[in-house]
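Paired with chain B in one complex and with chain C in the other, chain A is shared by the two complexes that follow.
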Partner chain A sequence: MIALLIANSLALASLLIMLSSGLALIYGLRDVINFGHGAIYMLGAYLGYTIALVGGFWLALLLVPLLLALLGIAFEYLALRPLQRRSHIEVALVTLGLGIILGQVIIYIYGGEARSVDAPKILSGSVTVLHLSYPVYRLFLIVMGLGSCALLALWLRYTSSGLYVRAVSQDPSVARMMGINADRLSLLVTSLSTAFAGIAGVLAGPYLSVDPGMDVVMIVNCLIIVVIGGTGSIGGAIIAALLFGFVQVAGSVFLPNLAALVPYILLMVVLLIAPGGIGRGRVMS
Partner chain B sequence: MTDDLRASTTATFGSLSQRSLAIAVGLIGLCAGAIVPTYLASDFVLRLGSEGLLLGLLALSVAFLMNQAGLVALGAASIYGGAGYLFAIGMSDWGLSPTAALCVAFLILLVYAAMLGALIVRTNPLAFMMLTLAAGEMISHAVLLEGLRDYTGGADGLVVRVNGSVLGIDALRFADPVQFWCIAWIVTVLIGLAFWAIGRSRLGVVLRAIRGNEERMRFSGFNTFLPRLIGYVLVNVAAAIAGFLHVLNAGFVSPESLGLFVSTNTLVAALIGGISGSLGPILGGLIFSFAQDEFGARGLTQLLTGVAIVLFIVVFPRGVVGGLSSLSKRLGWRREGA
Partner chain C sequence: MSALRIQSLFAGYGASTVLRGIDLTVEEGESVALVGRNGAGKSTLLLSVFRETNILSGEIWVGERRIDDLPGYTAAKLGVSIAPQGRRILPNLTVRENLLLGRATGRAGHWTLKTIYDLFPVLEERADRLGTMLSGGQQQMLAIGRALMANPSLILLDEPSEGLSPVLIDGLVDTLNTIRGAGTGVLVVEQHLSLVKRATDRFVILAKGEVVGAGAIAAIGAPENQALMAI
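Entry: the complex of A and B
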């Protein structure tokens, strides 16, 4: 029972980690929360659905992140850079508007009904681990989530670009004085963040449903996680995503009547105890 | 000495007569705005106009907080829709008279706004924006909870029947488009004036100073928490009034009134009109309402909402009213130069 609970929450947390660490990365560099992140995830899911119909799930998992990385580059050049001198709130509102546009265009193309994506043969069915039968696809999700988490940590810790990202997140002006090109880093980070959102979208297909409301649900979850984690802290976001996944899964088991509210209760409790979130975010007062 | 006295008395009398003139013009404008459209416009147009005024009231609340405190609230819908739900529940489930239900609902909303505000106005503006969005979504999920279905009617919403009078006004008056326009107009203008006055009061000055530099204000010995909390509660009072007017007029509440799109529409209305001052947001609400009628049938409302947010922030950050005032200033300056 406990093992199942933890496995399920890890599966959900995997998706959330991919999305919220992308949000936290952009925030660290640009001080901007991308309110359109949910719509990008939704685009990933719908593109994944279409490509999976034509060329199969694996092709979708390969192609969608590449396509969305291109979208991230466009986002960086067409939105973030021209608006660099505007206030962060205004840029955040622009991303909100862009997200609404993207979401509405997707709904216009695909229509309002929910779509489902089948997992590939190897990943459908279930395996028995320690006398417990568990769906293979969720294990795959956990592996992907923890894997991307580990890759992200390795990149941030052991590469020079990772070092630069950490430096800019900690103190943008000093980092710039030391000769770090924040624009080039931001291009890398933005495309990485949208690519991760694409992977999350494709992975969500067989696990959750692909439907017109998925962008709002996901962006709200991610915002809660980013706030709980301490805005801009990637480690905090990862821990918060794990906590969020666990609380939501446990809530739906133990408090089915209140399950929809449990994440918000978690948010309020964290805000009461630690208004700055659990991570070492640098911005909350 | 006597010259000084004379100068000051003429100045006082001058400003007094100017002020009374301004009040007279204002009163005439208030009455004309309430009555003239009811003769010129059809019921349908009046209905659209009233919806626009209510949206303008909401936009006013969002714009005031944006302009004075630098905080963007994305949760206007939860107070707006919540007012309708609480009013309906107060009458049907708690057996209150309409006026009592209104007062109880208003008190609950005040307490909710104060509690939520105490939690979130401490955070930075970006976190505030995320938290208001999350709180709004929380309320819209709460209404759909299975356990509350008996109270809230789930996805179907509630039909609200008001028997008798509300605050001394016959409930039937709210359902009539002509009379409702008058009520909505007067309430909107009065609240617009109130916000204009608050913006010029000490509270407005302190809020703007906190927006400019919160740390400096704190070190100068100002309480930076309480003014923002008061500002947050005040704008929610306006949102609640808009919600009450809406439910009295429409006669039902639905989960859509709590939805995220109400909040984003409000934001768009504020941006269209321009967030500085009271005139802009109200005008923005009216423009939005008529534009929605034009494009809504084609299912384009939400798409255009997104486009409008981007367009107005990037190209016209001061909105229609701000743009017009700067245009008239420029023209005036040219005339002077010539």
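Entry: the complex of A and C
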């Protein structure tokens, strides 16, 4: 029972890690909460659905992140850079507005009903691990989530561009004086963040359903995670996503009537104990 | 060719103007002290090179390139680096990572991790500690080392002796002379006259945002210069 609970928590947390770490990265570098991140994830899910119909799941998993990375580049050039001297609330409202427009365009094209995506044959069915039968696709989700989390950590910790991202997020002024071009880094981080949202969208297809409300649910969850993690902290976001996944899954098992409230209770408890969130600082802490 | 040339610079913060028509030139390999009372505009002048202030008018040249309308990181890429006031060590980075930030300019030259560790052995001993865990003197070494890692043609130092004991200040003089010996020019904002006398060629006095005096370093103690520094 406990093993199943942990496995299901990890599966849910995997999606949340991919989304909330992207959100935290952009916040760390640009001081922008991207309220459109949920809509980008939804676009990834619908594009994944469409490409999977034509060329299969694996092609979708390859193409969608690339397409959404291009969208991230456009987002950086057309929204974040022109707005970088505007107030936080103005930029946040623009991202919210762009997210709403994107969501409505998707609904206009695909309609209001939910779509289902089949997992590829190799990932369908179950496998027995430690005397526990568990869906292969969920194990795949966990591997993808933890794998992308590890790649992100390795990039931030061991590459020069990762070091510069951490520097800009801690003190943009010093980073600039050291010769770091924050705009170029932001292009990389924004496209990486939208690409991660694309991967999460494609992976969500066979796990959850592809439906018009998936953006709102996910952005609310991710915002809770980013706040619990300590705004802008990748390490904090990862731990918060794992915690969130666990309380969400445990809540739906042990307190089904209160399950929807559990994440908010978690948020309140964490903020009462640690008002700045559980992360120690920005980006890699 | 001048390493840094500033002409008729007016700059400040928001609506307030701090610098009023500054002219200053530092030649390659030269060591210049920028002196004056607190609030004279010395730090503002250094920060203006990196566009960390609001530049109202005037020109800033690094080598043959005018940079006052270019992004703030350009000065570092062209060969000017800074150890800012208060050191501003990045708190969540290790000593080694703080030093590696200097590589962002992509400039090659004498200064590498090895030569910095030769100059400041204590930084190698504490390479994996967080930069802010170092003592004040060690943090100053780290700030200077980080600036040198950019292999600049000119290094700007803002109050490097701030908070240092007399023994450490002697060490700082040796460091500045080593930097000059490696062919790097120095522009140092400093209150300790004993330090600037031993480590610079000439001085420039700033008062109320204007250059009010200048001369060879031997003349810095002259009564008329002391009077200008007290304005």
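By our rule, the second predicted complex is superposed on the first by the 280 of 285 C-alpha atoms of A that agree within 3 Å, B and C clash if a C-alpha of one lies under 4 Å from a C-alpha of the other, contacts with A are read in each partner's own complex, and residues count from 1 in each chain.
By definition in this document, contacts are C-beta pairs under 8 Å (C-beta built on N, C-alpha and C of every residue); 3 or more make two chains touch, one makes a residue touch a chain.
All values reported here derive from a predicted model rather than from experimental measurement.
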item	value
Contacts of A:Phe140 with chain B and chain C, given as first, second, both or neither	neither
A:Val227 touches, of chain B and chain C: first, second, both or neither?	first
Chain A residues touched by each partner, larger count belonging to chain B or chain C	B
First, second, both or neither for A:Arg166, with chain B first and chain C second	second
Touching partner for A:Phe57 - first (chain B), second (chain C), both, neither	neither
Touching partner for A:Val174 - first (chain B), second (chain C), both, neither	second
Residues of chain A contacting chain B in one complex and chain C in the other	283-285
Complex contact set, residues of chain A against chain C	160, 163-164, 166-167, 170-171, 173-183, 280-285
Partner chain A, residues of chain C touching it in the complex	50, 52, 71-73, 75-77, 81-82, 84, 88, 90-93, 97, 100-106, 146, 150
Touching residues (chain side chain A, partner chain B) in the complex	31, 33, 83, 86, 88-90, 92-94, 96-105, 108, 216, 220, 223-224, 226-227, 231, 257-258, 260-261, 264, 267-268, 271-272, 275, 283-285
Sites on chain B touched by chain A in the complex	70, 72, 74, 119-120, 122-127, 129-131, 133-135, 137-138, 141-142, 144-147, 214, 260, 264, 267, 299, 302-303, 305-310, 313-314, 317
